[in-house]
Amino acid sequence: MARSGESRVPVAVLGATGTVGQRFVRLLQDHPWFHLAVVAASERSAGQRYGDAVDWQQGVPLPESVAEMRIQRCEPMTGIPLALSALDASAAGPIETAFARAGILVVSNARSHRMDRDVPLLVPEVNPGHLRLLEEQEVPDGAGIITNPNCSTIGVAMVLGPLHRAFGVERVHVVTLQALSGAGMPGVPAMAIQDNVLPFIEGEEEKLESEPRKILGRLGRAGGGIEEAELAISAQCTRVPVSDGHMAMVSIQLGERVGVEEVRAVLSDFRGLPQELGLPTAPRRPIHLFDEPTAPQPRLHRDREQGMAVTVGRIRPCPLTDVRMAILSHNTVRGAAGGALLCAELAIAEERIPGITPPVPTDDR
Amino acid sequence: MARSGESRVPVAVLGATGTVGQRFVRLLQDHPWFHLAVVAASERSAGQRYGDAVDWQQGVPLPESVAEMRIQRCEPMTGIPLALSALDASAAGPIETAFARAGILVVSNARSHRMDRDVPLLVPEVNPGHLRLLEEQEVPDGAGIITNPNCSTIGVAMVLGPLHRAFGVERVHVVTLQALSGAGMPGVPAMAIQDNVLPFIEGEEEKLESEPRKILGRLGRAGGGIEEAELAISAQCTRVPVSDGHMAMVSIQLGERVGVEEVRAVLSDFRGLPQELGLPTAPRRPIHLFDEPTAPQPRLHRDREQGMAVTVGRIRPCPLTDVRMAILSHNTVRGAAGGALLCAELAIAEERIPGITPPVPTDDR
Amino acid sequence: MARSGESRVPVAVLGATGTVGQRFVRLLQDHPWFHLAVVAASERSAGQRYGDAVDWQQGVPLPESVAEMRIQRCEPMTGIPLALSALDASAAGPIETAFARAGILVVSNARSHRMDRDVPLLVPEVNPGHLRLLEEQEVPDGAGIITNPNCSTIGVAMVLGPLHRAFGVERVHVVTLQALSGAGMPGVPAMAIQDNVLPFIEGEEEKLESEPRKILGRLGRAGGGIEEAELAISAQCTRVPVSDGHMAMVSIQLGERVGVEEVRAVLSDFRGLPQELGLPTAPRRPIHLFDEPTAPQPRLHRDREQGMAVTVGRIRPCPLTDVRMAILSHNTVRGAAGGALLCAELAIAEERIPGITPPVPTDDR
Amino acid sequence: MARSGESRVPVAVLGATGTVGQRFVRLLQDHPWFHLAVVAASERSAGQRYGDAVDWQQGVPLPESVAEMRIQRCEPMTGIPLALSALDASAAGPIETAFARAGILVVSNARSHRMDRDVPLLVPEVNPGHLRLLEEQEVPDGAGIITNPNCSTIGVAMVLGPLHRAFGVERVHVVTLQALSGAGMPGVPAMAIQDNVLPFIEGEEEKLESEPRKILGRLGRAGGGIEEAELAISAQCTRVPVSDGHMAMVSIQLGERVGVEEVRAVLSDFRGLPQELGLPTAPRRPIHLFDEPTAPQPRLHRDREQGMAVTVGRIRPCPLTDVRMAILSHNTVRGAAGGALLCAELAIAEERIPGITPPVPTDDR
């Protein structure tokens, strides 16, 4: 990659020891555009070796070079144009604001700023144009906050996006079966979920009922923020004993009476800007469709395209709406760290940071 | 019990070695009205000791007296007025017909006869009057076929019953999270469900979309069968790694605009004929409500009232319909063997078998 | 029970909100000798309604009368001759000592005092005579501390007890597969054990290697404590995704060369003092043997005799020692609350509290 | 690779639709030396498209080119010098013999021929010299049968190998916690293992007690087969609810009294012939050691080096022998398909098939 000379963009990961932070660290290994320059975490961990502070739960080894890094405080640092935030919502808000004001572009996985009027809530395939909201933030040029939706929202929004553009989406019933990793660590006690499912996830239904309205909304005139889409969503969120992979059973009422085959065609043909630009973390196809009724399944399909593809099956008519289907997405990859990383790549490709230009897209991925 | 003198009614269990058959055997231990007189199963097992033929998977020991019983063929036997059928749908149809024609009252858990015009599909608390359909069957007096709904239907029907009577039910969205025992043995391979959920259960959605319409229907004039209720249901059925207990996340549109509190009151106050009659297997309250949002949960609540109570929680408004909630029922007890046993008790209490009268209800259960 | 007049012995449960504390509460419902008079817990919970402070995880409802009880501080109270302690080891030591000095008989599930020279480490079937150690404690008459072994020790000790008496036990290799409830709440994070087993449980192997030596030891002359048995144990403790029920795979070298049939006979015939006395919580047979090689299994067999029986299977020769077998015990019943309750019953039956006499044993349990 | 010109060796997979067969198919994708030329399976599947006949359970998509292949009968075919057998033991024996007699080199995962006097039971790192046994088989030049040990044996043998060479191994106690995939499909019913562990796996303990003796044995004079090592093993095999990854808790008595550090050094330094030769499927290090007591764990560590590395932790003294440890290996990769593939690579590298020469080892893997 030919950034300013030979080097990759130095990146800070905030909240680097948690579940999503670990994913960021893992995804930044061998990233063609970025290199992990700073691991930052809470006061408690600051100053420790990363390898000592983290309870590494990824299925691949922690690279020795990362293990040796010293954890920094979550305070703006110089020489770092880009920060990926995996901070808890309890801490994220003011920290991310401070970073943005200090001139850093922050891509956040926390909910703190998602519904802020001037902050894009981004699914790069669905609403890349919302990046323009950055211009409304009162921060130095090239800085600002971009947010990634909730892990339960992303798979649903990826499907609603193209359907909304093609037919309009009016009403959505969704029941989720969400994986354990969505709760972070320590998260759900094993005794609470052993031989069990839980009918409730605190705060989750609200996010899933509101975030897609913003994602599918329209960028108004300058300063006007996003005009939310007029669709109504009923979300019921459950927790199931699965490590990774959120499943959503949805029933969708469209603006037009169309058949299942037209729905299938729209989803199958869908490609977004990340695919056009060939962004490094973009899946070749954002949505993979299955014909067999037994798919998708978390264990078998969550890792499609390194966890960045959303998989969809059981597309069929609904007695009460137009169409039903099952949607699966990897909650800590596409639904968190991978999704946020893709947002960062899009921002670079769109030259949102002055002086940092995207490398020539590689064709032979 | 003081039936005709001192003895309890001799009962045959058909399909006695399977998951539901084992539950029948277990529930008939110490039953005050019935005693297990015959265990019958497929050709393959006939003639064997029950204890040798069965792979006993209940959490309590198999009684030695039952282990010693010889398995009979599934052919009508004399001296047995009542049969409880746990046969597979592949075999149940003609066998149950033969038993009924031979003068035996059959309560079946199979789907074979559920939608027959002259066969009651019974949830004793909800539609006890449908028992009258027995009179339309062309069988000897006191004989006939009664069916028990599908295990995924029962919890939902128990809730829809009183709501339909009070307000009318127009539309129901339901997504189920169903337990492994619903698939019998060997059922789902462990490797298929390990760290996984399955988005499809063959044939299940059709049952859940059609059976409640019959259960909530009205008995027409003689010979006219059941006039189905006019409600529309969308069912999406998933399998989860839980041993027992089907969860259903439902969203219900009622015929009247009523508040959540009125819905709650109707469910909380609901009692049926089995409760009035004090039937031995009837729960004191058919529906248990929870206020805390974390309930119901399969592992904690499936065994309420020995698995015969349906538990309901998260009653709250829905952005798209009138009310949403989570419904849990024990699929092999209330949803299968226990439910069928309660049907049999109701038939006896209603004196559907000439010469067999119900004992005086005991008050001090 | 007709203790001093009409009433049952009032009992305090210390640490009443945790996993084992909840079991104590559950087991004391309808106990014929004891009634739950006080629930005590940490400073943080003191003063709250029990129903508000507890995250009740038992499969049966919390009785309303208990939910209404106010939680007290863990300080000695008057009018309570007996306390059952489910306190964490971090707190148990000084609190239990304070209770004993205040004149209360404490039966503890914590490890704090287990290896104290003058404290009995009791498995009532195996070493009831160790109760005499109470006389060496410097506390008021009728008071003192009795301890219950670690949950992984009890099943193994129950088997080693009769074998040691019959043949001597010299060496034991044991590998455990331990249930989640053994870690209490929140205990193990679900993400740590999902699709996984853990090869290590902190502090567990040390207990399992040392406690049986004391339990099988001999009461020396007054003041001399217990002379530990000379057996060597190698314990390797693993955690598995099972809710309740610790399995131990053991290989035992005996003091005599005896055949598998003699081992089986000793275990099958074993009865202890609790069985002779007909204590309320005692199982009829402390050890249940299985012939089929697929038993015991946690889900199917942990609840034998309300969780108080130890189940044993796969008794067979070992190429390296004399005999191998699989041992299963319910870790929160026999291995914790039930075991401690049985210790308390034994103490009452042995008239260790002056003025409190055991009721006449009932024959028709 | 420069085989005979430009092409890779055409390989047949026998039993290609089962769990291990699927792994073979997956591992042969992009293999530098071999290409999948034939998928063969039972009579029942023969003639079908592979994509139609298989219930593909791998976490990566089935390549379209393989899905289109027609399944052949398990009969020797021309033009195929090498067959990888994932056949059931019930069928493997005579089929593999027929293939060998027809001039094909068969590497088998079945137990049928493992203990045959003239058949190598191969762990390429441990006993590569046993390949010479091929010369004793009465088959055409370049043909014969090589077997791979049982999935529970391989991890243990990989550790015992270097220890036996360094110090001698005299006695081994091993208790395994084995994954579900070891039972194939459908394998263990989900209801049998849900919230449960099983204390018995049919036939498994016999294999684990006998196979290491042959693997660690010495090749005698020509025609004399293997002189088994004189070590005694006690194996107790359990099944746990884990998808992949067999754990073994072992206690080892060595021929010399050495400390834990010497054991650790021998294991850490261990490299075998596959590492020297740089075989494509060989892990860089056959054994990975962990210092932290919580490792290894199946979910976190089974995929080390694409599942070909054995991971070892908790090396510590044992009160009864010299050393204890926990050993983990991926049962369907290193313990089955991957292990067999490595055997095939070794055979090619050793020029066991006339006219087929190994490519020059690549240095930059």
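Lettered A, B, C and D in written order, each chain numbered from 1.
The rule is simple: contacts are C-beta pairs under 8 Å (C-beta built on N, C-alpha and C of every residue); 3 or more make two chains touch, one makes a residue touch a chain.
Predicted, not measured: the structure shown is a model, and the values here were computed from it.
Asks: From the centre of subunit D, which other chain's Cα mean sits the farthest off?
Replies: Taking each chain's C-alpha mean as its centre, the farthest from subunit D is B.
Asks: Given the two chain pairs B-C and A-B, which is bridged by the higher number of C-beta pairs in contact?
Replies: Looking at B-C and A-B side by side, A-B shows more C-beta contacts.
Asks: Using the average of all C-alpha atoms in each chain as its centre, how far is it in Å between subunit A and subunit C?
Replies: So the centre of subunit A lies 49 Å away from the centre of subunit C.
Asks: Using CA atom averages as chain centres, what separation in Å is found between subunit B and subunit C?
Replies: Taking the average C-alpha coordinate of subunit B and of subunit C, the gap between them is 40 Å.
Asks: Compute the distance, rounded to whole Å, between the mean C-alpha positions of subunit A and subunit B.
Replies: Using C-alpha averages as centres, the distance is 44 Å.
Asks: Can you list every residue of subunit C that touches 2 or more other chains, as numbers and ranges?
Replies: 57, 194-195, 241-243, 299-300
Asks: Which bits of subunit B are touching subunit D when the two form their complex?
Replies: 19, 57, 180-181, 183, 185-195, 241-243
Asks: For subunit A, which residues count as touching subunit B in their complex?
Replies: 171, 173, 175, 177, 194-200, 209, 232-234, 236, 238, 240-243, 247, 249, 251, 293-300, 313-314, 318-321, 324, 326
Asks: Which part of subunit D faces subunit A closely enough to touch in the complex?
Replies: 57-61, 194-195, 243, 299-304
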